[in-house]
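Each chain carries a letter (A, B, C, D, E and F) given by its place in the written order, and its residues are counted from 1.
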């Protein structure tokens, strides 16, 4: 009766996967096994559209591999929800992005909230997700001007900058809750919640619970319409192995 | 380490509470205790704005009572998410509506989906919720022309009408998933999913999992801003006992 | 040929009803009789979602009583438009909220305007109304940090705070007009308009004129669709007497 | 204590002005004097963007003349709300369009409604107004395929086509109310309301009542921001006489 | 194989037409002949809704004259896109507004950008265009507080004010690109782009290229629906000559 | 003074590149050289999110190679605008997607239009683009149920299906113009325009003209904010060579 949830860090930095895995295990149910993996190809960190796009092939490989070994759900542990639509089309199991999971959770406990992400390069892409997920008017996005990997380094001053930006969100946006806008912040939610006295939501934890929920409810990605399985066709060159093998019914 | 989740049927029909409780228990985690209660005052079923408004005092009483006895979260088991904002402002524990929970779940597994609710009287209010929750453009709402309590009566033909409307949603809306738009349909999701071959989402089950998620994540309603605790003040007449007792800090 | 318009103060503070009644009478037509009543049950003031919800039963009782005695329209004199949908479904006569009336009036004389309401607790609910009434992008909402009942007390400093907030709206929002966001401010519109040199709109007055307009035009709430009369059904417990007596046609 | 409201028919067909004037007088208050005028220059009927634009100079001349003779408000009796913004900037008195007035009235008595206008050429412009006035999602627009001036001719079959289109709106749109989308339909509202058994709103009547309301409330167009008075400057050629004479303060 | 593009300055100030013509010629293709004309009737500059409306007849005359002499496209060189819909309905050739052209260009090279226009009177109308063209959320509008004709006068200090406002847009809006919000700024784009180090878009140039594009692609305004040719009908008075001569098919 | 525009077919089917190149050359200016290339890695056709994502690395390689050889702009010849944001962040030259170019062109000549794309799998992604580009409410999307590569095969019946769907768009959507929703349809625009008597827009041609326009105007992608150059960082595994080499300034 154990369930296995795959958590993919779509960047190739294994130390960040540790942070993510710990956060995932900290909230997982007693019978949930967290399988955390690091992408084997692509950028060391995801900062902006270019890194995002190039993280997708590695991400899809990990989800496909996880699905073959029998995991029941997959979580994409990057706040840009990189590759989410492609993964949903590819996989039979449900796939959850940490941004969508975090925004949903926030919407259940606050009317107005602020996402604090890392770099200015990521701010507009996250605003795009806020719009996609129907939260325009409820959520603002701020960048704390922190390189993603600085979050792994206590001496970088990144945490201090993050705290300063949260303080500004509370004061200037009258934020009722804070969403941490990077998987690399997953270990900070509890302390920040205690210190600031308002809900602080980490997307990794949120996504694990959504994945468990979908499994328990017997729900998976619809294979009608937008997420229908990829049609069988040749793929060429370096990405040849990604060719969908089966003929999918429309 | 058990958690207790209160599920309030905000109409006063106990037989519907049975259906709801069974659905809740069917998806609840091993350590979750479902406490299902029926409102003691208000309409026998909730069909339209008038019933909705008059279900709120009874609903709030049940949530307040549940909170006093120590439940960790509350679910409002009516698809209109009746009284959700008032309950969130009143309670320290998180409160989840079954419509918001169902729409969130649907958004994780489908790009386009259709809510099938009971009566035409409820269609426009549910469309209002679709807009509130940011799903305009993704979700359509249909009414199957079923009185709510007919769902309790196998001889009423209600299930047949519901199936017909789902068939129309699949054909005409190209729905990728179906959301059941009434708590009284909670027992039908699995069978319909099997029969129609696409995800069918019941809000009661979805809300239980969201409530468990919030508890596991240590999150509750923000008390800053829109959901700040009600200010202490006199209440008069029949509703005198609802007067907030404590002075809330802004 | 006299018309009677019922104005319900949905909070239970009679002194505020005086202010409201005076404002209503100040703008009513020569043949309009204003019948101002105070709710007999519920909160002494409406500040936030909880008070709002619990003001509804008392409000509905007054509108039902007014309808029985023959009034031709009803106005809900609370800027949250508390209970508006329920009242419209219940009553055969037209029902007007002061927020919707004020926003309409403002939209006829300004492209951009600011609502100044009382407390931060009310700001987000009013923003919700701005969205519902299609004024997002045209109207901003500010809170002057005034408890509602302080408006009744000249020594409270409330008027000074209100003036300060209007000044900020003119300067920072470049507001072309101001909407007073509380029924308790109804007596202040003329003086503020003179002092600030821009239109200042009071919702009570606006709603009286809209009610007169609907009566003169022979229009009342549609009984098709969302506002169809409540279906006959049992109500239980404390709210038993609210049970709709008649079988409404769909 | 009489008030004078100017009603401008911005097309140059005097017989339509008769229809409009009669509708206006039918709903005006006892002390309201309706001054109905026909534009002296421009198109015989307004069907589409080109006619619309060329009706504006004649319309503005009539409003300026009305303002000089002391009317307290002006109504633009064309459902395209032709020239509304220019008129508001020009005049010190309030100016109301019949489309905006009708949509406001409809929003007070129905959640969903349909505008039935004349020709396909006018349908998209009216949809543009529906969006401008914040009614997208609530109001649909249909064209009955009637030339505007056919409404003046009982033998044209126009009324039959209008009735057919209303019937389709009720059936297909589940319209709760109907808005008549042409000033030339002003005389038909009562009969259609009686025949179809749902509210039918005429914009001419609605605009008269809104104009009376603004006068009674002491409100006029804000002169700050978008509707600030035109700056004094030379105008050349045929339209020389339109040059604003006074230096307006920003 | 030469193409002729008509550029109409819809205000009556010939010196501004010079600026516009120079900017147009500076970007036009080798075989494009720019025919720049000044309107012969209407306001000396277009600042706000009133000037806008009264510039339309003169504008339409120029476009009709241009069409008769055989130009293949027309550009309306006023950032309010004055008379655009009327011109499209009237003409068989394509017609481009400089605001729509500039916003399109900006959308191809930036996610977030700011329009800097002249006067506060023009700010809200331009915001209306931003909404119409689907750029809400991407584009902000600022006014530099410059009278339009001051742009023609080096001693006016207008350029300095424009630079200050651009600096604020970069700093406060984090604008990625700047759109110049007045035809009279057409000569400034290159220098400002060099000085501020980010793309600066002039609408005149943008519109010329869009006009060339439509010609090369063999595309012109659709004559079905909203832009169908005006119906033949009498026009009276001063504007008699505008009467559409031909019976257009629906 | 020749300009070179790179047109990348992001699928790996060279015969489709022929169609695209011919369409591009058919509209290009006299001094424009079209360099059409086929991606060397990825799917043979792009149908849905999965193919889309896996077409991006090959696409980026071609744009980077084109930039090194000195092209002045790049066009992505797939109607899903695959990889557009990543390409814009990566490249110094402007990059245009054929969907955005086609929608812009359509918006200049029609108020309401319909995109006819290939498969149901692509319909929802294209609806997503319609929303992103601000055309919701103006553009509908239909799928003709044609596999992309069937467009290359005259015997497939694809053209007939496309014509049927266009006919339905004209009839049911009252489309004023048609946008061809696949690069493989680029050769059909002229014939369909002649046959249906309304504008038919091909995105490949539209994008070439937009690219020429940006070059002529001296505009390229802003490097501030969302499209700032990718930060230098290690990339691992199969995609190692994509690592951005230069340190970009924020």
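The criterion applied here is as follows: contacts are C-beta pairs under 8 Å (C-beta built on N, C-alpha and C of every residue); 3 or more make two chains touch, one makes a residue touch a chain.
Model, not experiment: these values are computed from the prediction.
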item: Most widely separated chain from chain B, with each centre as the mean of CA atoms; value: E
item: Winner on C-beta contact pairs when D-F is weighed against A-B; value: A-B
item: Distance between the centres, which are taken as Cα means, of chain F and chain A, whole angstrom; value: 29
item: Intercentroid distance (Cα basis), chain E paired with chain B, Å; value: 52
item: Per-residue multi-chain contacts in chain B, two or more chains; value: 88, 111-112, 120, 124, 136, 174, 225-227
item: In contact (per the touch rule at the top): chain pairs; value: A-B, A-C, A-E, A-F, B-C, B-D, B-F, C-D, C-E, D-E, D-F, E-F
item: Residue numbers on chain A that touch chain E, as the complex places them; value: 120, 124, 131, 136
item: Chain B-facing residues of chain A, complex; value: 27, 29-31, 88, 94, 96, 100, 104-105, 107-113, 133-136, 138, 170, 174-177, 190, 193, 198-199, 201-202, 205-206, 209-210, 212-214, 216-227
item: Chain A residues touching chain F - in the complex, by the definition given at the top; value: 12, 39-45, 47-54, 56-58, 60, 83, 85-86, 88-90, 119-121, 123-125, 128, 132, 147, 225-228, 230-231, 233-240, 242-244, 250
item: Partner chain A, residues of chain E touching it in the complex; value: 111-112, 137, 174
